[in-house]
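Here come two complexes built around chain A, the first alongside chain B, the second alongside chain C.
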Partner chain A sequence: MDVRSQISMVFHLDKCIGCHTCSIACKNIWTDRPGAEYMWWNNVETKPGTGYPTAWEDQEKYKGGWELRDGKLGLKSTGKRRTITNIFHHPHQPSMDDYYEPWTYDYQNLFNAPEGPDQPTAIPISMVTGEYLDIEAGPNWDDDLGGSPVYAENDPNLDGLTPEQREQLSAVERLVFFYFPRICNHCLNPGCVAACPSGALYKRGEDGIVLLDQNRCRAWRSCIAACPYKKVFYNWSTGKSEKCILCFPRIETGQAPACFHSCVGRIRYLGVLLYDAEQIESVAKRPDEELIDAHRDMVLDPFDPAVIEAALANGVHESVIDSAQKSPVYKYVKTWKIALPPHIEFRTLPMLFYVPPMSPVMASREGETVDHISDNLFHDIDESRVPMQFLANLFGAGHEAKVRYALRKQKAVRWYRRAITVGDVDMETAMRMLTEADCTVEEAEAIYKLTSLCTFDDRFVIPPAHREEAIQMLEDPMEHKQSVGFGFVARPRRGM
Partner chain B sequence: MELTTAFLNLLFFAILPYVALFTFFLVTIQRYRSQKFTYSSLSSQMLENQDHFWGLVPFHYGILTVLGGHIIAFLLPAQVLLWNRALPRLYITEFVMLIGGVLTVVGLLNLIIRRVRYSKVRRVTSLPDWILYGLLANQVVTGLLVALLYPWGSSWFAATAAPYLWSIVKLNPDLAYVSAVPFLVKLHVVNAWLVIGFFPFTRLVHILVVPNPYLWRKPQVVRWNWNRNDIRNTN
Partner chain C sequence: MMSTPHSQQSPGTTGSRPAGVRLVVGLLRLAAVSTILFGVTSIASAQEAAQFFRQNCMSCHTIGGGRLTGPDLKDVSQRKDRAWLTKFLLDPKGTIESGDPYAAQLQQEARGVVMPTVSGMSKERAEALLDLIDAESKLEKSQFVGLQIPDGPFSEADIARGRDIFLGKIKLVNTGPSCVSCHTTIGLGGLGGGRLGPDLSKVYERLENRKTLGSWLLAPPTTTMQPVFRDHPLEADEILPLVAFFEDRAQRGGEDTSPARLNFFLIGLGGTVLALVGFDLAWRKRFRAVRRPLVKGAELKRGER
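Here is the complex of A and B:
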């Protein structure tokens, strides 16, 4: 057993209101620079929809993630040899058109325009070339399914849905959607790291954050194709790739990452998971239908004395083990099993988990909300407006069982709480639902509390980074006294 | 007249090479040490994805072939002469190098057109880039012309250029060979020294950081900021 700690995340999709506050918080801190304007390390997509960059989930097009070839795990985009031949021209690299061309407005025109019959306007100008731009698309053009049905209809997750189901999705007055906020998943088996010819990408041993060494990046661009979530971006100005850093400077000082901290819907949870690093490869090789369970089994019980002992022996700090025991992520993923990894069939073993959304499912009951005459108390989950197969394609590697389990449990908790607070459903039915959904009363209470009444400290259990020890190990702080300080001190200026 | 020629020969074939080589080594190393961040291939594929292929791919395969040929003939002149003794082998060598040259010229032409044509790509093209394109264009066009006008270069390179280059390396420049070659060849040689001297001021430095440990390393990279066991065990 090789116990390591990983800062992991849960996004509770039922709570996301699609306000994009998270994206803006991130943009203002990290990607408001030349060359990075088009990047959204955090973005919020409307599902069904094609997302950002367009149709990123379509791995026929982008070749992201891993695949099994005769029992061997290999990157879809590049074998080792192909990396070398792809170095001049990467056949699967998205271009700016797949994202969008960033723009600002020529506000001066409002003041300087010569007198004329029309009101002057602020004309959009490209932030790349500085020329006038005809805006055709943006990073979030289909927000709330606005604009055109083209986006929703081309969602890769609609695979395997019948034509009727597809039609139903966009039927007038039955239209349904939910939000899908995304950041880097800080995977256990990251495709970007494995693809980098220069070894610039790496996973931090202590907390599992995946970072990109700017000094070692040579712009070979393999990472961009290899990440199936398209969360590594190319900075066209500095000639280096960049990605979400999970706000590690904030995490190291005990603060939640900016997108987590600012989240209006309070949908985001962050905490430590202990996992067995020895199993990474074998788990990533499992067949699709076993992946979710195997991935979950890698996560170790932080209360198990054997795990604690192995963790300590591996240098995991007591304070980190303590954090792991309080981790909200552990509860959602492991104890309650209602948070699922996105597209685990890409086999990068993401460490960001999603609680599948319930609202559109419940809302399918028109008018009488308390109707449950059917013997099958969960019937409306299967008759929901969002076809189960669609959610299963997103969160269940195409298999419905795990998603159904998560939704049933959530629904049972709701009925149970409804019986208590509103009282218009009877407790007996609620209890029966709990049992059928594999949930106890205590568990239901705990899920309810952490979902609805969670405080800041319940949501974010950030382990101390013990940076003080790291600095002592690496260099003598006194050497830097009255000098330039630590770290990357030169301006990130583009090479000649 | 004689004197001026002798002086020019000295300037271009003995002094220039040392200035170029000196600059090359000094600035490349200094730049790597103080501005590591600027070592990048500065790819512009993300700004323009189609014509990129028709420029980058032929250019790189072409130049690698041609450059490889030059280096082999420089390192192993005797073996090259021996190899070329059988006519079919000579033809094959010449043919491969010619194809390489044509690919390079076509690729470079496409690259330059692409830079001019797309405003997004122009945005990331600097003055050193334009100078470099000029130098490279001169280099590959003269090279191709030399190959066409003065055949069997693979043999005469080994017999004339290689000894000249070696004399430079041995710090004892021998200009006898190089002063006798046609003007076009001289131009090619002088331009080569210019490219070498200008090298560290351009994006060409990416040649020096091509990935090599990649093929051998494990797929996943984990970096530890510190080893907690070491810290604990010090007491």
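Here is the complex of A and C:
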């Protein structure tokens, strides 16, 4: 058992209102620079939709992530031999058009435009070429189902849906969508790290944050092709690639990352998970339907004395184990099993989990009677407006069971709380639903609390960074003893 | 900023040469220095002069081998004095233009060809060369007697062998490059020869006779040929067939006007296009674009509806 700690995340999609505050917070801090204009380390997508870059989930085109070839795990985009043959031209690069051409506006035109019959406008101007630009795409072009016939209809997750289900998604008065905020998943088996010919990408030992060393990066851009989530970006100005750093300077000082901190819907949770690194390869090789369970099994119980002992032996600090025991992520992922990894079939073992969103049919109408309660208590899980297969493609590697489990439990908790606070449904039914959804009263209360009444400290359990120990690994703290302090850089000259 | 002389030392100035080369360079330097200091014609400088003569003079002159483009230099110092000869060697063109009658006569004898100013010529070197010519003149058969070519007609076998040498089918003994890599002649067939150097169909006519052509080949003096063949000279038994071959070409007359040149261009063009089509097929699944085709496809679909 090789116990390591990983700062992991949960995004509660049922709470996301798609306000993009997270994206703006991130943009303002990290990517408002030349060369980084088009980058959105954090972005919020509308589902169904093609996202950013366009149709990033379609690995037939982008070749991101891992695949099993004769029982061996290999990157789709590159390999040991192909790294060399493709070193000067990596063939699977998204073009700028697949992201979008960043632009600003020529505001001077508002003041300088010659007099005419129309109001002058601020003309869009490209931030790359400086020329006037006819905007064709943006980072969130299909927001709130904008341009649905083009974008939403081409969502790769619609694979396997019947034409009726597809129709239903965009039917008038049943139209439905939800939001899907994305950052780097800080995967356990990151494709970007494996692909880099220069060894510039690495997974930080103490907390598993995946970082890109700006000094070692040689702009081969293998990482960009290899990341199935397209969360590594090439900066054309510095000639280096960049990615989400999980605001590690904030984490190291005990603050939540900017996108977490600024989240209006409070959908984001952050905490430590202890996992067994020995299992990474074997888990990543499992067949699709076993991946979610295997991934979950890698996460270790921070209360298990054997785990604690192994963690301490591996140099995990006691305070980190303490954080792991309080981790909200552990509860969502492991205890309640209602948070699921996105597209685990890419086999990078992402450490950002999503609580799938509810989209219930609130009432059914027969003639003049409007019925809010049906005999089948969970009827609206399978009849919800977002087809189960769509969610399964996104969060279940194409298999519905795990998604259905998560949604049933959420529904049962809602019903239980409705019985308590509103009282228009009877408690007996609520209790039956809890039992059927594999949930106890205590668990329901805990889920309700962490979902609805969570404080800042409940949501973000950030382990102490112990930079002092990290520094001791690199250099001797006594090294400069007796050699610093008050003195002269150059000898003082005596006299005049 | 602190910097030590050590850190500024540029790497590998002397260390990169092999020991043998360094020794030879050292010896040559020593020889040059001793020549200048003592004015003594040492063995080393005699050897150097012979080498210089072979490389620079032999394509136009012999010692006791008869006239080529330039006169036979045997007993040249009995025809003119040292001072005049040295002056002429240092600046042949200037001497002719100064109205010197003997120089003018020489030019006439050479059918108007002006002796080029030899690069690397100096007063010391001219003296050394004249010493060498004097010494060689006294010998019964000088090493610079030049190529002796029989006057009779060449056999078909000689011409065929010359063609093979020209085409590189027979490798040159001293590993020089074959003629065809830069030159062409009439009647080569196929794609013809190289186009870098001039067409050699009429080279025999240009150099007037067997002897001048043969001597020219012995030590090609032009700036492009000299560096290539200086260390890989042609052997006498390679020059004879080549001369036979060139004589044969000249007798046939005409220049290489075959369509080989156009063919070569067309084959290159076709090959490039084929290669590009091949690449496109081999990598037809490569990433091109996602968003634009997606939008275009959706627009097309809507148009059909």
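As a convention for this text, the second predicted complex is superposed on the first by the 448 of 496 C-alpha atoms of A that agree within 3 Å, B and C clash if a C-alpha of one lies under 4 Å from a C-alpha of the other, contacts with A are read in each partner's own complex, and residues count from 1 in each chain.
Operating definition for what follows: a contact is a pair of C-beta atoms (placed from the backbone, for glycine too) under 8 Å apart; a residue touches a chain by one contact, two chains touch by 3 or more.
As the structure is a prediction and not an experimental result, all values here were calculated from the model.
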Practice item. Kindly classify A:21 by the partners it touches after superposition: chain B alone (first), chain C alone (second), both, or neither? Key: neither
Review point. Where does A:215 make contact in the superposed view: on chain B (first), on chain C (second), on both, or on neither?
Key: first
Practice item. Tell me which partner A:137 touches in the superposition: chain B (first), chain C (second), both or neither. Key: second
Practice item. Go through the superposed model and pick first if A:154 touches only chain B, second if only chain C, both, or neither. Key: second
Exercise for review: State whether A:93 touches chain B only (first), chain C only (second), both chains, or neither.
Suggested key: both
Check your understanding: After superposition on the shared chain, which partner residues are touched by A:6: those of chain B (first), chain C (second), both, or neither?
Key -> neither
Check your understanding: So which positions on chain A get touched by both chain B and chain C?
Key -> 93-95, 97
Exercise for review: Please give the residue numbers of chain A that touch chain B in the complex, ascending.
Suggested key: 80-81, 83-84, 87-90, 93-97, 101, 128-131, 189-190, 193-194, 196-199, 201-206, 214-215, 217-221, 224, 234, 236-240, 280, 315-317, 466, 469-470, 472-474, 490, 492-496
Practice item. Please name which positions on chain A make contact with chain C in the complex. Key: 50, 53-55, 58, 61-63, 91-95, 97-98, 136-137, 149-151, 153-154, 225
Check your understanding: How about chain B: which of its residues touch chain A in the complex?
Key -> 35-49, 52-53, 56-57, 60-61, 119-120, 122-124, 126, 128, 201-203, 205-206, 209-211, 213-215, 217, 219-232
Review point. If you look only at chain C, which of its residues touch chain A in the complex?
Key: 283, 286-287, 289-292, 294-295, 298-299, 302
